[in-house]
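Next come the structures, one after another.
Below are two complexes that have chain A in common, paired first with chain B and then with chain C.
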Partner chain A sequence: MDFEFMQDTFLRLLSGVPLTLNLAFTSVAFGAVFAMLLALMRMSGVKVLDWFARAYVFVFRGSPLLVQIFLIYYGLGQFRPTLQEWGLWTFFREPYWCAILALTLNTAAYASEIIRGGLQSVPHQQVEAARACGMSGFLLFRRIVFPIAVRQALPAYGSELILMVKATSLASIITMMEVTGIAAKLISQTFRAVEVFVVAGVIYLILNFTITRIIMAIEWWLSPHLRRPPAVKPALEAVHV
Partner chain B sequence: MKFFKTVSLALVGSALAIGGAAAQGKTVKIATEGAYAPWNFTGAGGKLDGFEIDLANDLCARMKVKCEIVAQDWDGIIPALNAKKYDAIMAGMSITEERKKTIDFSAAYANGPNGFLVAKSSPLAKMPGTGQAFNLTNQQADAEKAIEATKALLKGKTVGVQGSTIHANFADKYLKGTAEIREYKTTEAHDLDLAAGRIDAVLADATSIMGTLEKPEFKDYALVGPSITGGMLGAGVGVGLRKQDQDLKKAFNEAIDAAIKDGTVKKLSMKWFKVDISPKS
Partner chain C sequence: MQHLSYFELVGFGPQGWGLALLTATGMTLAVALCGFLAGSVLGTFVAWAKLSGGLVARSVADGYTTILRGIPDLLVIYLFYFGGSAALGAIASLFGEDGFIGVPAFLTGALAIGIVSGAYQAEVFRGAFQVVSRGEIEAARSVGMHRWLMFRRIIAPQVLRYAIPGLGNTWQLVLKESALISVTGLVELLRQSHIAAGSTRRPFDFYVTAAILYLLITWVSTYLFQRAETHSMRGMRRAS
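Here is the complex of A and B:
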């Protein structure tokens, strides 16, 4: 192990971190909206919407992300005339947008199931109590169902975030130079696969450590009812006055 | 417990038996990429085929050893050699000073030109220097002048190369800042992207480009630009070997020398590339 080399590698791999985080968070942001829609479709009770969402989740959760990226990038690349006609080629021409699309579609499938699980875990009594208080429709959803569902879904959603950060490494196969892409390039220049991959692994660990801490903080913030109430100092002085 | 003991004994026994057989038969394991037509590629039915597969079989017959040819991704092909996953590399690998720091090479068994693959309708099709050859080792001034002339045309364009190749290093050194460079895992991937119009040109080995041009979907594409060799682009293609395997290197060198002298390399080169890229002494 050559520590000077590893330090140099670390600095060079850091230049890929912005793209890694950009890919992960952009696709998670788009994916969360899409996932919410899918979850609501699944629970809508409308057969067509329900089955569309089921089929979607089945396809995107059941096939490897690598295959999806290949199909979207190289597969659709072969239908360039048609895509140009539809005005979509400027989007599919760029490897960045193809990567974002593949990651978004993939995370939407997983996240929709997490959100559905969260929504379905909201205790029925709470909803009834809210209705008894006169809440209904969107107000009920915003004030009661959604906050409880988010709290329930957050631990699973945190794992999904971590999986997405790691999944961005697959974007290197469509020429995106994120952390793994740069690592592969460094290995080809130095042939020192072990050192470079150890450093790349450390970078992913640091990123994911930070993300888990943030998720934990949000969990803590969302669950005041699980915390011991702050100890109130008995106001003895008041008695004496 | 007795069950586990029996099973583990059986496993150890069979492992020893396999190890013993390998030592007796003297099998040389040769790695190739299997995605670099016509040098080496995976044909219909998953069988490896190509110039280097034919040549490897010929060399092994000359060395009187049994050979096993395995496919290995280009990315990890050198580290895996040093990790003893196989004993030799025959994968269109150019002999460069940089690679020589890590592995050893046999004598060259081929020496092919380089070039750009572009669409005939593209402005790049009029690239200067097409058909000319320059050597960076002994005509450095002329070669760099030819590179400058191509750079004027490549300004603002996107050029695809295969990662970890002499072409990727060349693009990094001479074209960075002029053109956008994209690195692909395989030559097949950058060919697909050229056909899709995502990139304007591909920089690669001319023999590999000729192989691409034979496909019907590339009938409107052409090989252009000067052929630059030597210097950082290497001194021909040789067998990659571990530094400590000097006996194997000697055996390969003798076999390659004999195969060049009796015209076998030329014959195979004509069969696969339609041009003679056997090294001239």
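Here is the complex of A and C:
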């Protein structure tokens, strides 16, 4: 293996990391808001809203992300005059915004199921206790339901975040020069697929490892009730054992 | 050029792309299925290594599943496509041939899918094996079954039963991943839609059609996996 070449490749690929992270975090942030809405629609009990959310999740989870990206980036070009009339063409002309839109719509479908699972895992007793204390509506949601649901949903949301970092690689197909895009360009220029692959793989593994660690830290921070209480009185602890 | 209606465009008439799209759907299914089966074989061996391998086999298996699940599938496909051509080119240059040699897109596609889905399937099999009760394995051993016989009669049927839901999820992943193979030029569903979209300038119509066909495959395979699950669980008592 040629270490000089690999070092050079590493530096070049590193320049794509900001865009990769930008795509992943922007779409996850927008997607979370949309996912929350979808989850509330599913749980609203209103038939129309419920079916809309179900259909949405089925469509966006059941078809490949690349098809969704092409549909937005190339497909909407078919309606260019209309979009220009509405002043939306400047948005749909940019591969960056098309990628963000596709990733957002896609992650919203997956995340809405995660959030729904979290919301449904909130024990009835907690809600009843809160109602007994006189909480209702938004206060109940903000103080009781939301914190418990977030705690439950966090591990699955962490996996979704990693999937999204991986999914941003598809943006390279519509000319976005993030890590995979630069890697593909380097491979087709140098024909040294293995070296470039190893370096790009290492970068993705570092990114995903860091994200996993951060999520684990947040999980730890959010669940003080599961941690062992600090040993304040060692004498008493000896009695418990 | 007269304006065709949507159904003329994707239908089977003289100017319709119906047949091409259907053939391409068949290609998508073929490449996904081959990749999935390759992944099953690989996944079985990796799960075996994880469960009862030595230190080396276990670390290799752990490294494989961690790495392949942590990097984008598209990179793996590029590795196989360009790396395969480079390797073939190197071999060919030994025989005095020069220039770019393309590897068959179907083979690279199926292999790439197999390698990636093998990592997911290994985890599915490992999880399913851990549900098989220890008592059954001890009982099999006590009646004198050898490893292969025990695998065939006791372990494999039960692991497969518990693995069906996980395998269903992996199959959906594989199906969606097969769309990425279009970057190597294999004429599967997405590639064919791309070609049709380019030649008719009706990209929206064709990508919507592709999405509908993918959803149809997803829907049918979800149904089939559910059937398989109820069938395999028919003799089991449910805790409910």
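The rule is simple: the second predicted complex is superposed on the first by the 232 of 241 C-alpha atoms of A that agree within 3 Å, B and C clash if a C-alpha of one lies under 4 Å from a C-alpha of the other, contacts with A are read in each partner's own complex, and residues count from 1 in each chain.
By our rule, contacts are C-beta pairs under 8 Å (C-beta built on N, C-alpha and C of every residue); 3 or more make two chains touch, one makes a residue touch a chain.
This structure is a prediction, so every number in the text was calculated from the model and none was measured.
**Q** Based on the shared chain A superposition, would you classify chain B and chain C as clashing or fitting together?
**A** clash
**Q** For A:Q78, decide between first (touching chain B), second (touching chain C), both and neither.
**A** It touches chain B and chain C both.
**Q** With the two complexes superposed on chain A, say which partner A:V67 touches: chain B (first), chain C (second), both, or neither.
**A** second
**Q** Does chain C touch more residues of chain A than chain B does, or is it the other way round?
**A** Higher number of touched chain A residues: C.
**Q** Who does A:A193 touch here: chain B (first), chain C (second), both, or neither?
**A** After superposition on chain A, A:A193 lies in contact with both partners, chain B and chain C.
**Q** In the overlaid three-chain picture, which partner chain does A:A184 touch, first (chain B) or second (chain C), both, or neither?
**A** both
**Q** Figure out whether A:Y204 sits in contact with chain B (first) or chain C (second), or with both, or with neither.
**A** Only chain C; A:Y204 stays clear of chain B.
**Q** So in the superposed three-chain picture, is A:A24 touching just chain B, just chain C, both, or none of them (first/second/both/neither)?
**A** Neither partner.
**Q** Now for A:V57: first (chain B), second (chain C), both, or neither, which partner does it touch?
**A** Touch partners of A:V57: none, neither chain B nor chain C.
**Q** After lining up the shared chain so the two structures overlap, which partner does A:P95 touch, if you call chain B first and chain C second: first, second, both or neither?
**A** Touch status of A:P95: first partner only.
**Q** Counting only touches as set out at the top, which of chain B and chain C does A:L103 meet: first, second, both, neither?
**A** Neither chain B nor chain C is touched by A:L103.
**Q** Which of the stretches 21-29, 75-83 or 165-173 of chain B runs into chain C once the two complexes are superposed on chain A?
**A** Residues of chain B that clash with chain C lie in 75-83.
**Q** Under the contact rule defined above, give the chain A residues that sit at the interface with chain B and also at the interface with chain C.
**A** In chain A, positions 74, 77-78, 173, 184, 187-188, 191-193 sit in both the chain B and chain C interfaces.
**Q** Would you tell me which residues of chain C are touching chain A in their complex?
**A** By the definition above, chain C touches chain A via 66-67, 70-76, 78-79, 81-83, 85-86, 89, 172, 175-180, 182-183, 190, 193-194, 197, 201-205, 207-208, 210-211, 214-215, 218-219.
**Q** Spell out the residues on chain B that touch chain A in their complex, using ranges where they run on.
**A** 75-76, 78-79, 82, 98-99, 102, 160, 163-164, 168-169, 182-185, 189, 192-193, 195-198
**Q** Spell out the residues on chain A that touch chain B in their complex, using ranges where they run on.
**A** Result: residues 74, 77-78, 80, 93, 95, 173, 175, 177, 181, 184-185, 187-189, 191-193 of chain A touch chain B.
**Q** Given the complex with chain C, which residues does chain A contribute to the contact?
**A** So the residues of chain A touching chain C come out as 58-59, 62-68, 70-71, 74-79, 162, 166-170, 172-173, 180, 183-184, 187-188, 191-194, 197, 200-201, 204-205, 208-209.
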